[in-house]
Amino acid sequence: MTLVKEAPARPARKRPAAPAAGRRGRRRENLAGYLFMSPWIAGFLLLTAGPMIASLYYAFTSYNLFTPPKWVGLDNFTTMFQDPRWQKSVEVTLKYVVVATPLKLLLALGVALLLAQSRRGQGLYRAAFYMPSLIGASVSVGFVWRALFSDDAIVDRGQKVFGIDVGGWIGNPDYILYALVALSIWQFGAPMVIFLAGLKQVPRELYEAAEVDGAGPFRRFWNITLPMISPVLFFNVLLESIHAFQVFGSAYVVSDTRCGPADATLVYTCYLYQKGFKEAQMGFASAMAWTLVVAVGLVTAVLFWSQKKWVHYEEAAK
Amino acid sequence: MTSATTPAVRTAKERRRLGSLAWHAGALAVLAVVLYPVVWVIGASFKPSKDIIASLDLLPTEPVWSNFSGLADGISGISIGSFFWNSLMYAVLAVVGVVVSSSLTAYAFAKIGFAGRNLLFTLMIGTLLLPYHVLLIPQYVLFRNLELTDTLVPLVAGKFLATEAFFVFLMVQFMRGLPRELDEAAKLDGCGHLRTYWSIVLPLSRPAIITSAIFTFINAWNDFMGPLIYLNTPEKYTVSLGLMMFRDQEGVSNYGSMIAMSLVALVPVIAFFMAFQRYLIDGMATSGLKG
Amino acid sequence: MGTSRNVERRTILKVAGASAATLGLGATTACGGDSGSGDGTVTLRYAWWGGEPRTIAIKKTIDLFEKKYPKIKIKPEFTDYEAFWEKFQTQASGGNPPDVFQNAVGFLRKYDKRGVLMDLKPQADAGNLSLENFRNGVLANGQVDGKQIAIPVGANTMALVIDLKAFKKAGVEPEFGWTWDEYFEALQTIQDKLKIAGDTGYFAIMYLYDLYLRQNGKAFFTDSDLGFTEDDLTQWWEDGYKRVRSGLVADPKKVEQVKPKSALSAGLAASEFTWDNFSIRYEGEGESDYGLAPIPTTDGKATGQYLGSLMLSAFSGTKHPKEVAQFIDFMVHDPEVGKIMGYDRGILATSEQYDAFTPTDDNNKGVKAYEEEVAEAGVLGKITPHPSGADVVESAFLRLGGEVAQGKTKPADAAKALFSEAKAAFAG
C-alpha cells in the first residue's frame, strides 16, 4: 500500500496539520491549499470524474453520436461478452501482457544487475539502454518495426539461418504479436533504471556479511538482493502491466492501422477505438472501457494484496 | 560460471580481468541489439527505396540524398515543416501547462496542511493508475460540443489542469525532500504561500521541474492517439499524423522519404535525451524509489 | 445588444450545453465552423480521400475554381479512405462535417438517415447546379428516396486487372464471357508455368461477390438486408480457401505484408479484381505492364456489372448552400476540371468533361476502352441498393475474408460472424 497510503501519511505524521496559529491559521491554510489545488480540482472534476460518470452512463446506452444516448440496460455488456471479436481482443491483450511484461522486467533486472557493478562506461551504457523507452512509442519506430520484421528483412533472414521460414512476422497472424512483444521488451530501459536505483540502495554490509557466511552469488541474490529490491520490483510490475493493458499506438502502426492480420494484433484499446470511432458505437465502447477499468483495478488489487507475501519494506530501503 | 573453467591456480588479478572482459562483452551485446533499430533507420534513410527492406547491409554502399530532398516538396502540397511547427507548439504548450499546474498542485500537497489533503492525494494517485481510455469518449464528446476539435485545446487542456498525475507525484516527492527549515524560515519572515512557492520552493525544485518538462515535451512529441482523434485539417497535423499521412499518400511511391522523415522526427527526442539524460534517468529512478 | 454580451452569453450556453450533452442529456446543436467575412468572401471546406496524384489534381481544380469565383475560398482536407470516414463520422456527429465532400454509394443511406446530406434538387431548381448532361444515367447513383443527395463525378465498374507480361508468358488470353471455370483454369496454367499465384484474394472483395450473386439472380444487398444466405457465403469462402491452399491464390501472409502496396504490383500474383479507375495505380507501383480484362461469368454472358460512382455531396447544415452548389456544379461540368482530373475517379460523368478529356497514356486509354467494351457487350445492369450500414458490412467482409484466407476462421464461422455483424450494422 505504500504507493497510495504511506506517501501522504509520512509528512503528515512529522508535521501536525494545524500549526499553533489556531483556527484562523488553519482556515487560511485550507484556503491556500485549495487555491493552489484549483487547477487540479478543475481538471479532476471536468476531465476525470465527470467523464468517468458520463462513460459509465454511456455504457448502459446505445449511442451513435448522432442521436442522444438511449438507455438499453445491460445490453452492451451481454453483447460484448458474446462478441467473438471482443473475446479475441481480450485474448490478444492478455497474451501481450503476460508475455511482454515478465520478459521485459526480467531483462531489465538482468541488465540492471550487470550495470550495478561499477565499471568504466557504465553511465554511457545506462543512457543508451534507456533511450528506446523514450522513442519506442513514436510512429517512426512503428514504421521501423514493420520493416525490421518483414519478409526478407533482418529478423526473417536470421530465422532462415536456423531453417525456420515463416515469411516475415508482419503478415503472419501467429507471429505479429511477438513483434509487438519485442518492441515492448526493447524498451526495458525505464524499469531497468528504477531497478538500478533500487540496487544502489542495498547496504553493502549485507553482502559482506553473507560472503563471510560463505553464500555464493546465487544465494546472495536470492536472500539479499531480491528481498531488498522487492518494493521496486513491485512498483515496476504494477506500472508495466497497467501500461501493457493499454497499448495502442504500436499495435495500430505496426499492423498498418488494421490491428490485423486476422485480428492478431487486435489489442483491447484498438478494438475500443474501432468500435467507438469507426463504427460509432459509443455505448459499446464505453462498456468496454469500464470493463477495462474494472480489470485493471482487479489486477492492481491482486498485486497490492499479494505484496504482503513477497514485498519487504525494510527500514533501510526507505 | 567462470570458476568451472578456471584452473585452480589463477591469480586474483587475472580473474578480475576476465570478469571485466565478460562484463563488457555482455554490455556490448545488449548495446548492439538496443541500438540496431536506430542505426538501421539512419542507414535506411540513405538507401534507395527498393533496397530498404531487402538489403541486409546496415549502411548503404552508396548513400543517396534523394530521400531527404524528397521531403523538401512536402506531402501533397503541405510542407513537412508545418508538421514540425505544430508538434513544437503542442509540446511547448504542454510543457508550460504541466510545469505551472503540476508545481502548484505539488506545492499544495507537499507544503500546505489543508483539510482533505490525504484524500485528494489518494485520488490523484488513483488517476495515475486509471486507464486513460475510459475518459476518451466523454472527453471527445465534451470538446466536440465546445467546438474545440481540430484545435490544440483538447490536447493541452489536461496539461494546464494538472491531470498528468505522474508529474505531480514526481514534484511532490521532490518538494517533500527539501529541507523544512527553508520554508519555516520564510514563514517567519512573513512570506505567504505564494511567495514561498515562487521564491523558495520553485527554484529549489528545478531538477524535478526540468525532468517533468522534458518528459512532457517528449510525450507530446510522440503523442499519436490524441492528435489522431482531435485533429482534422492536414495543415494542423503534428509530426505523428504527418507520418501517417505520408504513409497513406506516398507510402508506396516514396517509401524512402517516409523512412527519412521517420528519422527526422526522432531527432528532437534523441537530442533532448542526449542533452538531459541525467535529469531523465534520475527522475525515473526517484519515481520508482520513493513509491 | 452589445457584441461582447452576445459572445459571453453564447460561450456560457455552449459550456452549459456541452456539459449537459456529455451526460447525454442534450441533443447536439453545434453548427458549422465556417463563416463568411465582412467583404462577402465565403470559405468552404472540401474533403476527399485518395492518394497523392488525386490530391495534386484536385488542388489544381480548386485553384481554377477560386480564380473563377474570387469570393469563394476552398479549404482542402484529405486522407485515405478509412481515416476519411472515421473523421467524417465524428465531425458529422458534432454538426461540423466539411461543406462539400467526396462520397460513395455505400454511405448514402447511412448519412441520409442521419440527416447529414443536403438534397441538391432545390439548388438545381434555383439554377445554381445543373443536373443535365450526365452520361449513361449515372445521376441516379446519387438519388435516394427521390432526393438528389450526391452528384457523380465519375463512373466506374469492377474489372480484372492483369499482369500483361505474366498472362502473355503463360499464353493465356482472357475473353469476354469467359466463365469462372475458365478463369481458374487460366490461373492454374499461370501457376504451373510461371510458379506465381494467379489471384490476390478475390473472395474477400464484397463488390466482386456482389457481381457473382448478380450473375445468379441475387445481389449482395436488398433494401434493408443481405441478399444471400449463410450457406451461399460459406460455399464462396470454402472455394476461396481451397484455392489459397493450392497456391492458386497468393499467400495471404505475403499479401498482408506488402500493404499498402497491392499484391499484384508486388508481383505476388498475376491478377486482381478492383474498380477499373484504380487500375492506374498499378503502373506506378509495379514493374510489369498492367491491363484490364473482363469479369468471369457464370452463364457465359452476364458479368453482373453496373456503373458505380464516386460522387460529391454537401452538408445539409452548410451556411452557404448556394456556393456549395456552384462549387459542385463547377467540379462536375467544367471542361478544364475534366482535363485535369482525367479518369482518376472513374470515366468523367458529364458529357462536357468527357468530351474535353482525351486520354493520351495507356492507362487512361485502357480504362476508356474497357468501359466502352463493357457497354457494347450490353452486360451493364442497374445498381442494386446499399442499405445504411453497407460500409460496415464491406469492411467486415474484407476482414473476415482475410481471416478465412489465413486459415484462422472456418468459412462457416466467418459467414455466421458476417451475418451477425451485418445485423448490428443495419440496426445502427
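Letters are used for the chains, namely A, B and C, taken in the order the chains are written, and counting of residues starts over at 1 for each.
Everything below uses one rule, namely that a residue touches a chain if its C-beta (ideal position, glycine included) is under 8 Å from a C-beta of that chain, and two chains touch if they have at least 3 such contacts.
Please read these numbers as outputs of a predicted model, since none were measured by experiment.
**Q** Based on CA centres, what chain would you say lies at the far end from chain B?
**A** Relative to chain B, the chain whose C-alpha centre sits farthest away is C.
**Q** Count the C-beta pairs in contact for A-C and for A-B, then report the pair with the higher count.
**A** A-B
**Q** Give, as an integer number of Å, the spacing between the C-alpha centres of chain C and chain A.
**A** Distance between chain centres, rounded to whole Å: 40 Å.
**Q** Calculate how many whole Å lie between the centre of chain A and the centre of chain B, each centre taken as the average of the chain's C-alpha atoms.
**A** 15
**Q** By residue number and range, which residues of chain C touch two or more other chains?
**A** Only 19, 22, 28, 83, 90, 93-94, 260 qualify.
**Q** Find every residue in chain B that makes contact with two or more other chains and list them.
**A** In chain B, the residues touching two or more other chains are 138, 141-142, 229, 244, 247.
**Q** Please output the residue numbers of chain A that touch at least 2 other chains, ranges allowed.
**A** 50-51, 54, 58, 65, 150, 256-257, 277
**Q** Would you tell me which residues of chain C are touching chain A in their complex?
**A** 19, 22-28, 82-83, 85-86, 89-90, 92-94, 114-115, 251-260, 392, 399, 402-403, 406, 408-409, 417, 425, 428
**Q** For a test of understanding, state which residues of chain A touch chain C in their complex under the given definition.
**A** 50-51, 53-54, 57-58, 61, 63-69, 84, 150-151, 166-168, 170-173, 256-258, 260-264, 277-281
**Q** Quick one: in the complex, what on chain B touches chain A?
**A** 20, 23-24, 26-27, 30-31, 33-38, 40-41, 44, 52-54, 56, 100-101, 104-105, 107-110, 112-115, 117-118, 120-127, 129-139, 141-142, 157-158, 160-163, 168, 172-173, 176, 180, 192-193, 197, 218, 221-222, 224-225, 229, 239-240, 243-244, 247, 258-259, 262-263, 265-266, 269-270, 273, 277, 280-281, 284-291
**Q** What residues on chain C touch chain B, complex-wise?
**A** Interface residues on the chain C side: 14-15, 17-19, 21-22, 28, 30, 33, 51-52, 55-56, 59, 75-80, 83, 87, 90-91, 93-94, 96, 260-261, 284-285.
**Q** Where on chain A does chain B make contact in their complex?
**A** Spelled out, the residues of chain A in touch with chain B are 2-5, 7-12, 15-19, 26, 29-30, 32-34, 36-37, 39-44, 46-48, 50-52, 54-55, 58, 65, 111, 114-115, 117, 119, 121, 125-132, 134-135, 137-141, 143-145, 147-148, 150, 152-154, 157, 186, 189-191, 193-194, 196-198, 201, 231-232, 235-236, 238, 242, 245-246, 248-249, 252-253, 256-257, 269, 272-273, 276-277, 282, 285-286, 289-290, 292-293, 296, 300.
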